[in-house]
């Protein structure tokens, strides 16, 4: 076991880090983050970290590339300051959706980021809900991928919510939706999106599966502009669903998503605090915290305990 | 451009290599493959290959690990014999389904194989229909992944076959099925498999989507024992489908698959020759050749031409 | 020699790239740069680049980290699109001043960037006027570092300007100033900055060397806020200098630099177009173009010709 | 020192692993080895191994490539399951005789395997009696190569056997034979094999050295088909040797070796259990166990104690 | 923390190693260094070092390449003898002045040495006063660079010496001289060397800065032939300096430096024992020991304590 | 094929390089080798080498470590000067006898040198007569190992010399001696050295094999002090040999070897010019040149032609 757990905090999500530290009964390392006039980032760790067990926490949120570069610089600083072991804790993994080459001459940026994180000094990664499970294979260092599923299931049990059908908003997400359906004892449906012409607007689609007279829960790994989600909601209601809610782990809420949410017929949007809420919170949004899940992950990595049971049960430290 | 195209042939699929060489109007390199009495493999390339553009062709078929080790040894031999550039041509990629860590403490063997292929000497990979598109991101060398879709579409057009609905046999394959449906102008359905108890037998499931009075085409990347495929066939017929056919790129046909195929209600099983047919061919099986597709890929890599148009149109060399 | 020179353009400095392409009598590759709603960058190269000799041009300017990540993504895209050779052309190298560890637990970000550029796919680097010559040693790939000195000397000769003393604005830059003094036939002086208390404001300092009745030229690798430069100007005038001009290769011009320039007693600020001018140009600023120098470098790398004579003589393609 | 010794057992040699575990007073890790219907191997470690000191034990025996791939997969699994340190324990090293390039365009597979073992996750190797001592230099990770010599010497002392001359069956093995001769106080002889024509049959050869009226012990690192050994036996007897015995560390016993042994004039074949005996044991075979030697090696690696004294003295744990 | 501190001594500087070991209250590891008749070096470590915290001490002194190769061989030996962690302790770093490419087609040998030290097995480096601070960035392993400044300041305080002006002997050293001036409360001056023709003789130069009636201290990282130093001394005296002394960390004293020192007007030459004094000591030379500084560095690395305070205060173990 | 063959000459063996260049009808590159006063080596290549096919020639001779470091520096210089491909041509490979770990805690320096050569920039190696063939496996870059055997055989044929028995001077060399015996149609014998006590003096030994009334040729890869060779000569004569000659590829001739040769009963010592003759030549020494063999190797590598036939036949360019 390394000397001590020490938390090296990026600037992307102070609240989450505070919550994690509180659970771990520790304080983040003293660190000075600077942006020079020439727009270059810089950090100085103000305490000795030799041989310590360092956890660098940074999430991916707007401005994404600023926080990503800050992450790399923190890793580099910790490595050459002789950290004992460095774990990059990334609640929302940067560029996670850029995971395949479905057109010629495009990047697989999630792979590039995986390599750059290791190059910069990380010995391990702890993250949450990759877009696709295969992203795990992009790394050449050990990765623990936690799942927000357990957080949702615990919430549903505590609030005695009842859903009848879990809906995947597109073909790529059916496997995830299937897993949620099993845990929640629901049936499964999937949206089949069509685009009428070759433009970017997504048209309402057909629902594959039975949703009539059912309480539907759409599940997805992230919500960006919400366009897909709100269209799916409309389609489900048109197809006879009684109510439509949604659970999206990573709440990007880009563009005018919050405004559209307000107007939409979606009853409730459940998200986690893997990224800080941009814009004003809405009455329709329920935020579940992953701080306990991440704190558990950190503590178990430090102690060399298994993380696998985190996937199965509610967790307390 | 490297000096010359030279084909270094593994022993897994002589017929396919012969067909590819015929199209390329070349002969495979003279090579001696030996299995010593102590079960060690060995190869000797009998011609000079310095600075040549070497394409090592090997597919993954039973005995999988023998052919895989043979592949590694051929790559090693070519590398240290001063090949100019080495492309591993792998019609069916070994261990391609071991692409995620969905249980604790299991391997992601497709990533390991990707690394070992590069270590052994490959500068590039040319392959066909990965199980998931993210496998592309496991590599740190350029990969060209061809798709058998075009071969199927060409076949359907030539034979004037007509399908109404494309069916994914499980949640993980919905995205692929979606793509086929678009190309063939079909609607989409998906099987939702259930297991009643925690044993390995797969029970008949529910079909999500409308198949009544339709000609169904199940699509999958591979057919192993066929268990899933035959159950899906039964379910589709029970749900009102008129006929059920299937297209699976890689024809593993393990166990008693061929016998079961004979008895099953599946009308036609269309496969490719990415792996040699194990067992006797059946009247129900149609084999489409990928030799022209692979030969085209090889020639374009050698000449530095784009491969992307191979995905769109029928191809002749 | 690689097949063809192809220019892959980042979005940081369109004008400079246009000028370079004009000299090279070529067009940049067709490329689509996209920023998704979730703030992730993406690019797609719209033409085949297999086996070509790719030059990716990107400079470092505000927002620095956005352009840096864009650079990495372009390199990654070109590498896996099977470029023959990739040269990162970086007129102003990112994070070039973060080149030493003069405090405990800080990063050497220029080294990190050097490694990340190679990791992302660059085979070579072409850059201009590093802050310190040792930065060259951070790389494990060949680097050609051009020097704007020749551009300035040519300008001085053409405009028949006359300087008597070259001044380094601080101790770290004396070696560079010494080189300019030799080329321009001037004597040398150096500013010795003092800070009275431990705050960030730089106080006027002492001048080491004789500047009385002399036309002074301050030289530095870059001008950021200009604070040091304007203080040095005042000190030089107070010490009897007749006129004070300055040459700074990289014109960052951060904060209210341009306003201060207007008010300052600096007669002329000569810079290059290694980065695009932020803010409105000023009558006091003379901009020398490095496009010809960079175009020459690109052409000679492509043809395998020596770049060393670029350091000595005026250059035409 | 790592947390705990844990033994991860391959399926190639259950008896030897059982013996080693007994000496170490431990149980192997719970692990599930699976061969899927498509012939792909898979393993799942059923216990937490984070930060533990893992020893993966696998020998090389028919089917060699199956066990080798199983080894790679176990290493990969242990690495990404966050093992603290991984030692590959390989009683008989795979492909150990493929150690030189004595023909053009052949592989040095022992080097390839050395690299693949490290790539798959091994931090160290513990092995026994390489074919040539230089194989040690193929690795870039620390290797402990134990020698069965001490096991043989102990056996000879306990059984009060007496040999007069140690014989190398070919030129390549003279150095090893020399070492045994010194330890056993014997003189040395060497077989000079000749082939009359360019075919694969090995003809009886000349003996270099005096064997008349002597009790001869042939020593070699391994016995495969035994052809060389039995011919050497005949030659020695013809040259006047009184009795001929043999010690071969690794008992491959390929083809009809056991039958030939029965018929041959070799008095006794002494081997170790570095690989499991294939075929029925013969009255002429004496098997010495290396389990104690390997268990000692494992324990000393774990404790950070010197292994060098294992080469000199009998050993008990 | 690793098991034990163990010192592996090269043969370049026995006295310094003895002093360091005395302070650390330890004995160097028993090691046999051999030079074979064919001029090949060899070493054998005579004690077990498994899992220990090894510090390999070697300085760079004539014959430089012999000691450098000896260093590489010691590192290789320690690595494959299973050392727990290896720190290369290099009081004077080899080839440290070859740190930039200021002519075409020359090496940056300090970078090459940095890479070779890591390749040979070092996990970390502990060194003293690099020629330029950027050399730090040549490494991809953590480096602690101690500074002899503190040793000098302590000496000046103890001996109550008084200097008025710190002089850099050339442009490249102004930054270092600036730091000494601040610590000693002195003003700053710099020599501007000129060469009249293109030969190797350095001519007397101009002094930039005021030295009249002042006690001058020239500071430099090393003294080789002393040519520059003695010329600077003459120039300073001619310009009115009262006395001239010098502090050079690394005392190479090449050629007839000691004789010239005797004849020169330099009052005192203060050096450290980072390299052993070649030739007879002179009455004019004061040697300060860095053994305590290095011993402190070693102990703090071993214990995981911060080294940064070593830069600020006098140090006792 | 690379642009041009260019020879980059080390300073260890000017005569051999001159001969090679003459055969290749080329001039070595202009290069300046410098040894600074501080004993640091330096080189500057005085001509453009971009994209050229560089062959760096250096042999291993006293002072071994100086020439080795010079080699590394030349490789580094060529790499960063943008050479197209770099082949290290090493007639006598440095540290080639340090190829195994036959004692605890010693280095395998030949492996270290192999790695350092690749690190410094070599893409390939061309060498001659390794001590053991397994050294080939130490490299991760392609190696062509030429054999002086063919040079000797050609010489024997031309001079109509006749030998009856080939003798290996120790157990380790029997395999090499065996090969020579086959090529020369001789029988085989081997010396069995004994040491009476544990000191370094080698005592006369027993000969294994029949040498009576025979013309003996001792063969070895190198002759250092000659002690073994001269003892073997005496033993052979005592055992009835008529004449004793010797062929040693690499003529180190260390210590008083040449004097001893004069006094010894060895009739003729045949060597090659792989290393320059140290000391005065002796009437007893015949020197065969490997310049033609190496020139052929260089030319064939450049043209991408097979080198394997060089092993079989006399060679002319």
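The chains carry the letters A, B, C, D, E and F, assigned in the order they are written, with residues numbered from 1 in each.
As a convention for this text, contacts are C-beta pairs under 8 Å (C-beta built on N, C-alpha and C of every residue); 3 or more make two chains touch, one makes a residue touch a chain.
This one's a predicted model, so the numbers in the text were calculated from it and none came from an experiment.
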Inset, instruction - Go through the assembly and pull out the chains touching chain B as well as chain D. - result: A, F
Inset, instruction - Among all other chains, pick the one whose mean CA position is farthest from the mean CA position of chain F. - result: A
Inset, instruction - Between A-B and A-C, name the chain pair that shares the greater number of C-beta pairs in contact. - result: A-C
Legend entry - Geometric centre distance via CA averages, chain E-chain A, whole Å: 50
Legend entry - Mean-CA-position distance for chain F and chain A (Å): 62
Inset, instruction - Just give me the whole-number Å value for how far the CA centre of chain D lies from that of chain F. - result: 33
Inset, instruction - Please list all residues of chain C that touch 2 or more other chains. - result: 80-81, 101, 104-105, 108, 115, 306, 308
Inset, instruction - Between the chains shown, work out who touches whom and classify the graph as line, ring, star, complete or other. - result: other
Legend entry - Chains touching one another, given as label pairs in label order: A-B, A-C, A-D, A-E, B-C, B-D, B-F, C-E, C-F, D-E, D-F, E-F
Legend entry - Contacting residues of chain E [partner chain A, same complex]: 1, 124, 142-143, 301, 304-306, 308
Legend entry - Partner chain C, residues of chain A touching it in the complex: 36-46, 49, 62-66, 68-69, 72-73, 76-77, 80-81, 94-95, 97-98, 101, 103-109, 112, 115-116, 119-120, 222, 224-225, 252, 254-255
Inset, instruction - Note which residues of chain A are touching chain B in the complex, please. - result: 99-102, 104-105, 108, 110-111, 115, 132-138, 140, 145, 168, 171-172, 174-175, 177-178, 187-190, 192, 206, 208-210, 306-308
Inset, instruction - Can you check the complex and tell me which residues of chain C touch chain B? - result: 3, 48, 50-52, 79-82, 84
